[in-house]
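Take a look at the structure set out below.
Here the chain labels run A, B, C and D in written order, and each chain numbers its own residues starting at 1.
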Amino acid sequence: MGKVFDAAEVAKHNTPESCWVILYGKVYDVTDFLSEHPGGARIILKLAGKDATEEYDPIHPPGILEENLKSEAFLGTVNADTLPKVQAEPPSDAVEQEGPPPMEDLLNMDDIEQVATKNVSKKAWAYYYSASDDKITKHFNTEVYRSILLRPRVFVDCTKCDLDTTALGHKLGMPIYVSPAAMARLGHPAGEAGIAEACRSFGAMQIISNNASMTPEQIVQDAAPDQVFGWQLYVQVDRKKSEVMLERINKLKAIKFIVLTLDAPVPGKREDDERGNAVGASAPVASAAQAAYKASDSASNANNGGGGVGRQLFAGTDPSLTWRETLPWLAKHTDRPIILKGLQSHEDAYIASLHTPQVKGIILSNHGGRALDTAPPAVHTLLEIRKYCPEVFDKLEVWADGGIRRGTDVVKALCLGARGVGIGRPALWGLGAGGVEGVKRTLQILSDETKTCMRLLGVERVEDLGPHHINTRLVEQQLYDGPSGLDKIRGTFRARL
Amino acid sequence: MGKVFDAAEVAKHNTPESCWVILYGKVYDVTDFLSEHPGGARIILKLAGKDATEEYDPIHPPGILEENLKSEAFLGTVNADTLPKVQAEPPSDAVEQEGPPPMEDLLNMDDIEQVATKNVSKKAWAYYYSASDDKITKHFNTEVYRSILLRPRVFVDCTKCDLDTTALGHKLGMPIYVSPAAMARLGHPAGEAGIAEACRSFGAMQIISNNASMTPEQIVQDAAPDQVFGWQLYVQVDRKKSEVMLERINKLKAIKFIVLTLDAPVPGKREDDERGNAVGASAPVASAAQAAYKASDSASNANNGGGGVGRQLFAGTDPSLTWRETLPWLAKHTDRPIILKGLQSHEDAYIASLHTPQVKGIILSNHGGRALDTAPPAVHTLLEIRKYCPEVFDKLEVWADGGIRRGTDVVKALCLGARGVGIGRPALWGLGAGGVEGVKRTLQILSDETKTCMRLLGVERVEDLGPHHINTRLVEQQLYDGPSGLDKIRGTFRARL
Amino acid sequence: MGKVFDAAEVAKHNTPESCWVILYGKVYDVTDFLSEHPGGARIILKLAGKDATEEYDPIHPPGILEENLKSEAFLGTVNADTLPKVQAEPPSDAVEQEGPPPMEDLLNMDDIEQVATKNVSKKAWAYYYSASDDKITKHFNTEVYRSILLRPRVFVDCTKCDLDTTALGHKLGMPIYVSPAAMARLGHPAGEAGIAEACRSFGAMQIISNNASMTPEQIVQDAAPDQVFGWQLYVQVDRKKSEVMLERINKLKAIKFIVLTLDAPVPGKREDDERGNAVGASAPVASAAQAAYKASDSASNANNGGGGVGRQLFAGTDPSLTWRETLPWLAKHTDRPIILKGLQSHEDAYIASLHTPQVKGIILSNHGGRALDTAPPAVHTLLEIRKYCPEVFDKLEVWADGGIRRGTDVVKALCLGARGVGIGRPALWGLGAGGVEGVKRTLQILSDETKTCMRLLGVERVEDLGPHHINTRLVEQQLYDGPSGLDKIRGTFRARL
Amino acid sequence: MGKVFDAAEVAKHNTPESCWVILYGKVYDVTDFLSEHPGGARIILKLAGKDATEEYDPIHPPGILEENLKSEAFLGTVNADTLPKVQAEPPSDAVEQEGPPPMEDLLNMDDIEQVATKNVSKKAWAYYYSASDDKITKHFNTEVYRSILLRPRVFVDCTKCDLDTTALGHKLGMPIYVSPAAMARLGHPAGEAGIAEACRSFGAMQIISNNASMTPEQIVQDAAPDQVFGWQLYVQVDRKKSEVMLERINKLKAIKFIVLTLDAPVPGKREDDERGNAVGASAPVASAAQAAYKASDSASNANNGGGGVGRQLFAGTDPSLTWRETLPWLAKHTDRPIILKGLQSHEDAYIASLHTPQVKGIILSNHGGRALDTAPPAVHTLLEIRKYCPEVFDKLEVWADGGIRRGTDVVKALCLGARGVGIGRPALWGLGAGGVEGVKRTLQILSDETKTCMRLLGVERVEDLGPHHINTRLVEQQLYDGPSGLDKIRGTFRARL
């Protein structure tokens, strides 16, 4: 049986350059085999210099060894007495780690949210986590994706899979973008610039919040030449302030479009946020947002608890925007394309499509469930548009956000006609969980999951996804089927011409 | 860098008259800025005289400070050594409060119910909380609102929002009224008069329970001149008693109408109430209600446990009311308009519409789930009427109660055609939680939520709400679609003419 | 202010003959008022001789006292110093009772099952509670009733309410009967005779189980002259045994019909029962039932655990029954009407209707979920018959069992066309909870609940209940709508003539 | 009263040869009666020589004893003083067993999974248990069966019941087969050969996994002459390897067909598996599977945690298979019939039916929920085929797997047109719970349950099951009803001819 080795001798050969293992009492030199191992080199190297029998045996049928190793790989036998005794596994709490886990251990959005929840301040958690009233819409945003089934096709070559797409003509590395979520520095000092850095690695688009905790200039400062940003505008009661801001934005080449947010003309009631702020010692108090329209109210809206971060940020926002007044005003102050955010009915999507070319796209959104509870998810609005006025998809780019937690969710939105899919909280949780690396991990997971889903559907490119890849039967049974406002709208617009 | 201040010196300037803060080691006088702060003055005053950096930094982009403060606001720097050391947060249970929280900390109906549950006696809790059998209808009353989606419209000026409405021609400050919930003093000594006081602040209507724990005279005593009350009548077997009572009511100008309750000709089986009363030492025993119809029963209905408060209150109520006999009798004893309460089918709504002008309105109600379990919620009856006999809405005012917990619920009922929406338990829980202030808090929350909802729908006035603002698809799938009794009713009434 | 009494003096007047109470410091003689009190005399007597102020005050508006009592009822005032000090309520665990609670404290079927579960042996519990496989059908039997809504009508005189009905022409006091549930003595020594005794008080029908733990003669021994019994037949492989048994039954006048059970030709898999029997020391072992058809099986059905009570009882049952063979055989041995039990499809209901006059009725039943899991509930079969072959209701009496837990359930089954509604487990739990008194309590609760439901629907007599009183929309969406077997059946039967 | 026995004397007669029991103080010789006892002999023998009164009494009506025993069976009375005192039941934790329970105590698939979960290593558990993403499809696979109702027919002779069927013309003892589940030796050293041994006892078919932990030769080594195996092929990027393997398979007569797996061209994301492997000390690391297509990816799919067993096994699998290329290649290397596994749409089922005679069957499967989460269950695909292209059932054998946990599930799949039903995890859990005996127990339970279900439906043979035996109404409401790809497919194939 050839030479007899001591275990200590074998143990020295534990590198890619010289890799020996013990199997069934025999010693093999598997250095040359490393690159051929179907399971990859790393798993062998982990066992290099050791007795690998216990790991190897139950997952390899007999004969595989001889089949795959050349005869010269066999070096001899091991002296059994020299092998170390098996050690008991340490009690599981002994290996419990301190501190946040490495990012690559986080497998999905829930993992990331969980770590971020531990990392960030109560105030930050409450602001990010909160949604209006009973959070019915927040949860439904996610649940509605769960109720759509996929229709995988087989016998399709899925070697290649490509997430490349475009937004308003700009090339993007993936159809997932970061929504204009505010106050990133509450969660991590890297802030919105950190999100930008992560997006750069993936060619992902980012929409900068009007309430970002950093200036737009800071955020886009290290952008890649082809990196794409949008900037979110909450029009202020004091229009001058908005005009000054637009002037600044107009100077920033990285910012390709303006996102006008329409789904929160007044703030939603985010109770976690309000409570979150009542907890701290130096809790903010007055809600200036309320002050904005208090004057016109007989019974004031003002005494709701302490006023959360959301309510404070809202201060000064103009609730009087209209199709007729606001778009022309905006045209005077910027020639960037306008994206309207927060549409939740086919009627408004249709009206938007009558405002091209100034308006180039719409974002179907309920503000992450943070504005009006029991508002419909973007999936409903996508289906409504498909049903009542599918021509909207030809005239405008339609994006969607809210509730995305899985690559399958991304794919489903794309199948329904969305060109891009926004993530808000997942980006902030990523930042909270691990700063720039956390956001990268978020994008990596969603990218991987999206590709896996596309491959298993038998689809190579984003633009090939369509409604025949999904079964939306259950959602269709929830869909609005009352009278459409389209006739009236068409009448009004025709009359105006 | 100018003057150097000790922290103690800065600390003196902590009032609206002289307000200094430390930011990034610098001292600013922000007294003049207080009124301009988008987040409101109070949040700054909370930090007046202190180092506000930690609070300020993560939610303000750099440059904002310089942009907003005049240069003379900068006073100098702070001597870092004089700043107090950061104190550890006290352990959370150390800050646990004694006693009920301030009313403004209660953010929603659940909070209020929770506090009231702690405050009131077991008997009161059991009476208020209870509903019939398995409380399926009680819960469904609320759940059905959750399953209706809203359809927010964007780009609508929502600066103004107005809850004003009318009931039977009387002006009201809000479309929410207090239902005839009995035994208010069980929950708080302020009783029904306390509810009246709270309603006065909001221009809200109140229907006084036949089983109020105060006399109608006491309840309306401090009413505002334009305050609107109704009075609920349970017709007694001993009609004389009811006639005497009607005489008293006829003398009270504040009482504008009579509400004849029809959904509880016999008491429902409210097990919590029955058990709640079995607990106390001096528990009531016999159920006189049963006695009322015992005579005609072969097997008596009488031996259900101890008999709850509900069953006792029911004693003497006449179960023999009919369209033909009761309305003419009533006409003899009052000329106040009649509102019929407890209708649960389109057939009865239709019959009611044949009894104008004596009958001026109907209340769709299942008695808060306290009469018959698995009875339909008012939302069902609203939809039934819309489907089978929408003309009812033109002939009668249709009000609805049961299950309202959110402003969105109020809005949904109004969208379906209700002119007013009643709250029963929420008013009693409010009273239990904080007396008059608790009821005010209840009305304030619902008022604020209703307005926020209307604004986010893009609706300024109550009368502009309509079915196109909601998606009732899921509820429609539960709706009765068997044969309607309308044909027979029309035949009968035609024959009678 | 008249005379001043010591509390001790007042305390002596604590009987119906002389009843004094103290209210707000005054002493009243309410003896004459006892019979007039709307809340009943008992509640006052409970407080007789005592200070009733605390109980009285919050539920009576001021003035009620003076209004209702004659002036001579006022006797004087009480010496406050002589009143006993208020005693603290004893800690709640101090009043915790030993032993089962009095029957009248049990308010519903769940209460009764809970008490019985504590009282009876593990084996009895397991036998009664068990159902096949995952108990999906057992739970669905009840849940399906919960998903049917009621349609109460108002302004209907509901003073009278009458549960009288008939079965096969025999008068019954209520439309609820006791199903042929086996092994009553497992739960209580009163056994099936105890159930009979309880039924007698209510004019309720009882079907005696083939596997009763007492002889039919014993069970009917103390029957009232007009008491109605049926007898359940499981035809035995050894037909002689069945014939002998039928001979005995033919001699018992109280037994008016034979119930031939068809839904369990082989035993269902009742895992609780099988486990329940594995627990005891002297657990039964072999399953003779299996032996019955083992011979013809390639792979035996025999080694399922220990074999529960159900499996043992099943021993000897003939699985070979057919329409063609069994009914003629039965005609030779009895001329009592035949009721076929266990029909679960409209097809079989229709075939049964072709076998009049021998077959006079059918029982829609899935054996309480004990035979085949995911079998349909009787409500489905009722609706199937209504949809496919409603003429069955004219030719046969249709009864239904399974899942009944509330009077509303009873009413719903009756609305769908059932003439009678069977309860199995509730009768056994009643027996287990309190023997004869427990069964009476069960029947009393269901009777009371049924009447309350009928009154609140505005229905006086059982025969007036109809499908317009219920909303079965949700159930209809679950209903079988595949091809009906009726055409084939009609062809076959026509050919046979 | 005849002779008086001491209990000790009676106790000696405790065998089938001489079996005495004491009942109500009397001693009987029941030896001759043993074979006649309807409840079987074993239950009496358990009580042989003892006082059986307590066991006997509550389940036998009086008189039964005399009726069944000949008079000579009565031997005399027992001396009561000699009877042992009743012993208290030992406390229940005292009888708590050590070690796994006997297989016959496991009553259903859940029991078996529970025992296996305790027995096997964390890694094995994670590999077996895991499914992709949120395991929605894994759970839905089972839930969808629960939502199908059965339609039992009565008065059908169900003495005989036969599970015999065929697959591709080969006789089988049951319509349940073992799916190609990998890595059986992870769970138990008996491995895939152990599964084969269990299958042999039941005439059940087994499909050998491409990733079996034993060689095909080992697995079929002890096969019965008529035992049927299939072999699963994952085509390798290195086609030579697959060709060599096919050559080996072609030599094994027991393997009757090749199963080409199509539903996992890339591995699903099985998070439990990935985490399960991160736990152990010697956790595998690199995911070679990813490497396979990494080259063509812009953003790599590679850094998902540690890479579970599933991901490792996947290494080298060819994701480029197509109808046009792969089937002809396969035809060159084997003439065994081809079964395509993993079809999830009616379109692919239809295309498969165009590839006869090489393709002889299809397996509707979503890989046990391990590939793409929210993919449809096989029940959906069965219903889709029935709806869109029922002719597929005539051209191909259609098998189905995923979610089977009960005999009723098996029956439902068969009713919908499946010829065979595969179990994967249940076989592995069986192996983990008890090796060969555990797999036998799994098959026995499913066989028994399937027969019970068929009998209660009134069906004797597998081929008589049809859609009229089930109510799929609820599932039909979830079914895809978008545009079918069939037209396009028909066009393409016609053009190709």
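Going forward, a residue touches a chain if its C-beta (ideal position, glycine included) is under 8 Å from a C-beta of that chain, and two chains touch if they have at least 3 such contacts.
In UniProt terms the chains read A, B, C, D = L-lactate dehydrogenase (cytochrome).
Just so you know, these numbers come straight off a predicted model, no measurement behind them.
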Same or different contact residues where chain C meets its copy chain B, judged by the half mark: different
Fitted rotation between chain A and its twin chain B in degrees, CA, nearest 5: 90
Whole-Å gap between the CA centroids of chain B and chain C: 39
Inter-chain centre distance, chain A versus chain C - centres from mean C-alpha coordinates, in Å: 55
For chain D, residues that touch 2 or more chains besides their own: 477
Pairwise chain contacts under the document criterion: A-B, A-D, B-C, C-D
Chain B residues within the chain A interface of the complex: 37-43, 46-47, 50, 55, 57-63, 89, 104-105, 107-108, 146, 148-164, 173-174, 202, 406, 408, 444-445, 447-449, 451-453, 455-457, 467-468, 471-474, 477
Residue ranges of chain C in contact with chain D within the complex: 124, 133-134, 136, 183, 185-186, 212-215, 218, 262-269, 271, 274-275, 278, 281-288, 291, 293, 296-299, 301, 303-305, 307, 309, 312-313, 315-316, 319-323, 326, 340, 342-345, 347-348, 351, 366, 371-376, 380, 477-483, 485
